[in-house]
Amino acid sequence: MKLYEYDAKEIFKGNSIPVPEGSLISNPGDAENIAGKLGTVVIKAQVMTGGRGKAGGIAKASNPKEAYKSAQRILGMSIKGLPVNKLLVEEYKKPDKEMYLGITIDRAAKCPLIMASPEGGIDIEEIAKTSPRKIVKIHINPLTGIHDYQARMLANSLNKNKSLMIADIIKKLYRVFIDYDCTLAEINPLADAQDGFFALDARMVIDDNAFFRQDFREEETGSLEETAKKNGMSYVGLDGDIGCIVNGAGLAMATLDLIKQYGGEPANFMDVRAGANEEQMKIALRIVSSNKKVKAIIINVFGGLTKCDEVARGIIDVIPEIKAPLVIRLAGTNENEGRALLEKYRVTLASSSEEAASAVVKLGNSDR
Amino acid sequence: MGILIDKTTRVLVQGITGHEGSFQAKQMAEFGTNIVGGVTPGKGGSEVYGIAVFDSVSEAAGETNPDASVIFVPPRFAADAIFEAIDSGIELIVCITEGIPVHDMMRVCSYLESASSRLIGPNCPGITTPGESKAGIMPNSIHRQGNIGLVSRSGTLTYEIIDLLSRNGIGQSTSVGIGGDPVSGTSFVDVLEFFEKDPKTHAVVLVGEIGGTAEEDSIGFIKQMSKPVISYVVGISAPPGKTMGHAGAIASAGGGTALEKIEAFEKAGIAVAKNPTEIVRIIKDII
Amino acid sequence: MKLYEYDAKEIFKGNSIPVPEGSLISNPGDAENIAGKLGTVVIKAQVMTGGRGKAGGIAKASNPKEAYKSAQRILGMSIKGLPVNKLLVEEYKKPDKEMYLGITIDRAAKCPLIMASPEGGIDIEEIAKTSPRKIVKIHINPLTGIHDYQARMLANSLNKNKSLMIADIIKKLYRVFIDYDCTLAEINPLADAQDGFFALDARMVIDDNAFFRQDFREEETGSLEETAKKNGMSYVGLDGDIGCIVNGAGLAMATLDLIKQYGGEPANFMDVRAGANEEQMKIALRIVSSNKKVKAIIINVFGGLTKCDEVARGIIDVIPEIKAPLVIRLAGTNENEGRALLEKYRVTLASSSEEAASAVVKLGNSDR
Amino acid sequence: MGILIDKTTRVLVQGITGHEGSFQAKQMAEFGTNIVGGVTPGKGGSEVYGIAVFDSVSEAAGETNPDASVIFVPPRFAADAIFEAIDSGIELIVCITEGIPVHDMMRVCSYLESASSRLIGPNCPGITTPGESKAGIMPNSIHRQGNIGLVSRSGTLTYEIIDLLSRNGIGQSTSVGIGGDPVSGTSFVDVLEFFEKDPKTHAVVLVGEIGGTAEEDSIGFIKQMSKPVISYVVGISAPPGKTMGHAGAIASAGGGTALEKIEAFEKAGIAVAKNPTEIVRIIKDII
């Protein structure tokens, strides 16, 4: 789960990583008040996407009136489709220098990777492209944790004269990375300002698998992704019109790829997981068909733990509610029973993933 | 024959009294796996389908001398179960559990560097050597003995491909699911090294997906191999920044897309199948 | 540094290890009051030595009056020479079973060792002698920390039916062991009582080398040990009459052993450390000679970093204050200069450790 | 010849700008040690007695390719310095620092198990191979080339014995101080193994003291050795439960007394000297 900048900064603050003074607000009047206290402020849209600056979602205001106006403007915006409901208003820190500091997981090395670059304020991928030699990377042994000498080496690469202060921030960021089960903890930019170093932006991504020991709750959005997740499935909305229901992530991706190969465009990715049963299948069908763009639906199940007859029963229960044509491919455990159950219904039965994908694309293209 | 497990492999099941553990233990036993015991803390002394249950791995190890352990314990206890298996000297550990925190897995993998155990998974379907043994959860019916090695990051897609191969008369030496998590014990290269050495394996199917660079990292070794490798990578239609079901299946602007992987394979002269059917066709061409 | 039972129990409490409710008091009236609140209480002398029970320093009192009397009695006691100034008065917990739980450092294995035994209440050395098979020992990898499965195994060996509760205590005790830089953390006995498990006694020894990161301060006793430590030296009082000053712990032990071989009894161990200088030597001589039992003093210095002429100058400065005869052996760096400086004084110069030891024993035995 | 270090050993000094570090670096250089560089964070680019100083071990390693490092940094930073040396691939690490928390050393030693470095110490006087090299703080003047190996937990007592041997015409192949801390990198047995293999070493003096079982633990190996070992254990007069100067020098009711050690050696038929002079006598008897 990604955290909002504001939440990440709260965590930073609680762990003594310096951030500018600021508040989360949702109306322009509050922005005005805070600017009255803090002087020149920066007003930042709190939306879960990059490129806020380019989209006009970040503004500097040198007096309360200006703060009011900017806050009003940004609160009316949508950035990449996301409405701006909240703003972070914080003290403006003039950076003499903007640096990059981030901790991520190196999958190949199987350990945390700390990256530092004296060039910050832009994406690390961008830095990697433009000046790869300016990124210093250090792997951390997860059992020993970060050593002082490693923090020192990273800090030296940013600013040798102020390396003690930076090393301290690096060690604290690593602490946050570990304590909050992060897959990403990033300060970008880390500003070297008149009165010290400050995390001007903060990004944290928390490992969803660690929620049992972390005190995070995902924001309720009512999205299909969320509904699926609550039911133990994985849904990702896409731009096309072919609804997809598959058991298993790999097979689901393979099915999507096949749809594309046959000239179709998937409306979604949906993994009902390996142990899908009748009830799960009903929920899945309702989620996928609730997307109005969906013109046809493919159900591709390879039964291992999953029993095909149970899947069929789940489908049959929901058939009356579904308008889009269904293409169903059942294989594996109780395959024949499942197919037999479905034969009397107006659904297309396919005997392979390819056949199913081809059929659903045809149905999706034919205007009913 | 085949790799990693065979008829003689003595298999322990950790989490054997759970819903999935007991079901899969039975399935494995029916497949012919030599299951020597199970472990569930607090359930020592009981039995599951005639399999003796112990309180701890060390106790089970002392009594039953296992070579391998298959782990079905819930995510929050799974890393501990792996540590327990490592510390008890189990040579081959197959962790089926999905949803283990990645920080736990980094600690486990770091510990494994100085241990003698091999970990397959987590979040994987395990290993099947047809006609010999199964340490995992692949459906019993789909396998067929033969000379194709299979290694995959996927679950059901693996079953689909194995099934397709078998239906087309193409048997497998061993099928290995290495799992869909971002940090896991055994890599493509590790498994390919086993297949390269295995006289029964004549060619290998490698099934990859988006996220990370595990596929690219295997190219160097594949080029050195004496046996042909057929690759298949899924997730072309996956948008960057989104996790596609598996915790590890996420591509970003920084890399990990299916197209990058496919291009890398093609550039290295490694056969790339566009769909499961093509895998069969390419194998038939080769053999 | 050893902690008092009361301090260790405070730390236990702060880390959710259950201890009986209690208070530290220094007068009988307080004992009476507390007993009034807690019912039957146990009154325990807070002195830094074992065997308090045998010495009568622990008493059970079933009513406030009895508590007053016992407290009064124990506060008047001395146990192994240590006056009892403080008492711990705590709720009496009737143990159905007394167990042992301790964490120490296994020097050979270079890691923490947890020991558990279903037989508690007596010393672990005693248990080791009487029922060694009842002690379960588990080594902990200091980089991974204790695993749940290890806590479970230890707990099972104590009481399989209540292993979850015990495992929890074991993990917390390990946490304390690590967080407080312990060389020993021990619960003996751990009582299985009606209302749960309780640490009836608590022992913690803190690594002196970790004081820079631990918030402990040694009690001021004004002892010679303490004065020496403050001056960067190491002094241990012994029962004999030959005062000893040596640079280096090994050489100091060797010198003591030689004194014994020649029939003498050392009054102290004193290591002035490798880098001893003029000032250090003066302090050392004053500390050693302040012991009234001392009949003769040996100074044995092998100069590496230490310069023998500096040592000699330090000795010369203090000679007027010292009544006991001095035997001095200087070797190594600037040996000749040092000896030359001392020749005009009424001291015995020796050319080897053996010669020095033999001489000092003779001087100590001759009545002056 | 001798063990662990010789003329060709390229030695780094960590903490070289400190009071002790700089003095001892000079002493080592005068002894003939091939000192290739020093490390003090923040002092990179400076020089100490003509020795180049670097900010980090990895930087120094890149420039000077050292085989060994001698550590003089203060106790609270010493474990970090050892980790830095290990991670930079330094083969031999000699830690002189006294007063490192024992928990730090447990972590270091656990990490060393899967590393290729060897640690001598901490709280030790280091290593001297007379006529070749010195990595430590033993006084330069006391050594004499010869065929006696010496291994000791002590500091000045070691100097005393080396000096006594030299004055009596008995030279040393190498003298190793393994340190007086309860948890340290290299044991008696480790050093004895080196001496056993070293053709220049004809006999070994082992100097032990109270605390722990390091002396007893070496007996098994000593009995297998082809070379005679003369032992000397101090602390007979030490009362139990008291730390005698060295953090590791503490005997208890549980064990670790000098008498126990001496009895164990005698029972195993290993020569025991009662005082330094006896060491000389026994060696003269043997050779």
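Just so it is clear, A, B, C and D label the chains in written order, and each chain counts residues from 1 on its own.
In this section, a residue touches a chain if its C-beta (ideal position, glycine included) is under 8 Å from a C-beta of that chain, and two chains touch if they have at least 3 such contacts.
All values reported here derive from a predicted model rather than from experimental measurement.
Enquirer: Identify the chains adjacent to both chain A and chain B in the sense defined at the top.
Expert: C, D
Enquirer: Count the touching C-beta pairs: is C-D or A-D ahead?
Expert: Looking at contacts between chains, C-D has the larger number.
Enquirer: If you average the CA atoms of chain C and of chain D, how far apart do the two points sit, in angstrom?
Expert: 27
Enquirer: Taking the mean of the CA coordinates per chain, how far is chain B from chain C in Å?
Expert: Chain centres of chain B and chain C, defined by C-alpha means, are spaced 55 Å apart.
Enquirer: For chain D, jot down the residues that touch at least 2 other chains.
Expert: Within chain D, the residues that touch at least two other chains are 107, 111.
Enquirer: Among the residues of chain A, pick out those that touch two or more other chains and give their numbers.
Expert: Where chain A meets two or more other chains at a single residue, that happens at 141, 143-144.
Enquirer: If every chain is a node and every touching pair an edge, decide which shape results: line, ring, star, complete or other.
Expert: Complete.
Enquirer: Considering only the defined contacts, which chain D positions touch chain A in the complex?
Expert: Those in contact with chain A are residues 41-42, 55-58, 77, 80-81, 83-84, 87, 107, 111.
Enquirer: So in the complex, which bits of chain D are touching chain C?
Expert: Within the complex, chain D touches chain C at residues 20, 23, 75-76, 99-103, 105-107, 109-111, 125, 137-139, 141-142, 152-160, 163-164, 180, 182-183, 207, 209-214, 217, 234-239, 242-249, 252-254, 258, 274-277.
Enquirer: What residues of chain B sit close enough to touch chain D in their complex?
Expert: 113-114
Enquirer: In their shared complex, at which residues does chain C touch chain B?
Expert: That would be residues 141, 143-144, 147-149, 152-153, 156, 163 of chain C.
Enquirer: Which of the residues in chain A end up touching chain B in this complex?
Expert: Interface residues on chain A, with respect to chain B: 105, 107-108, 110-112, 123-125, 128, 141-143, 178, 181, 183, 207-210, 212-213, 234, 236, 238, 246-254, 256-261, 266, 269, 271, 274-275, 302-305, 331-333, 352-354.
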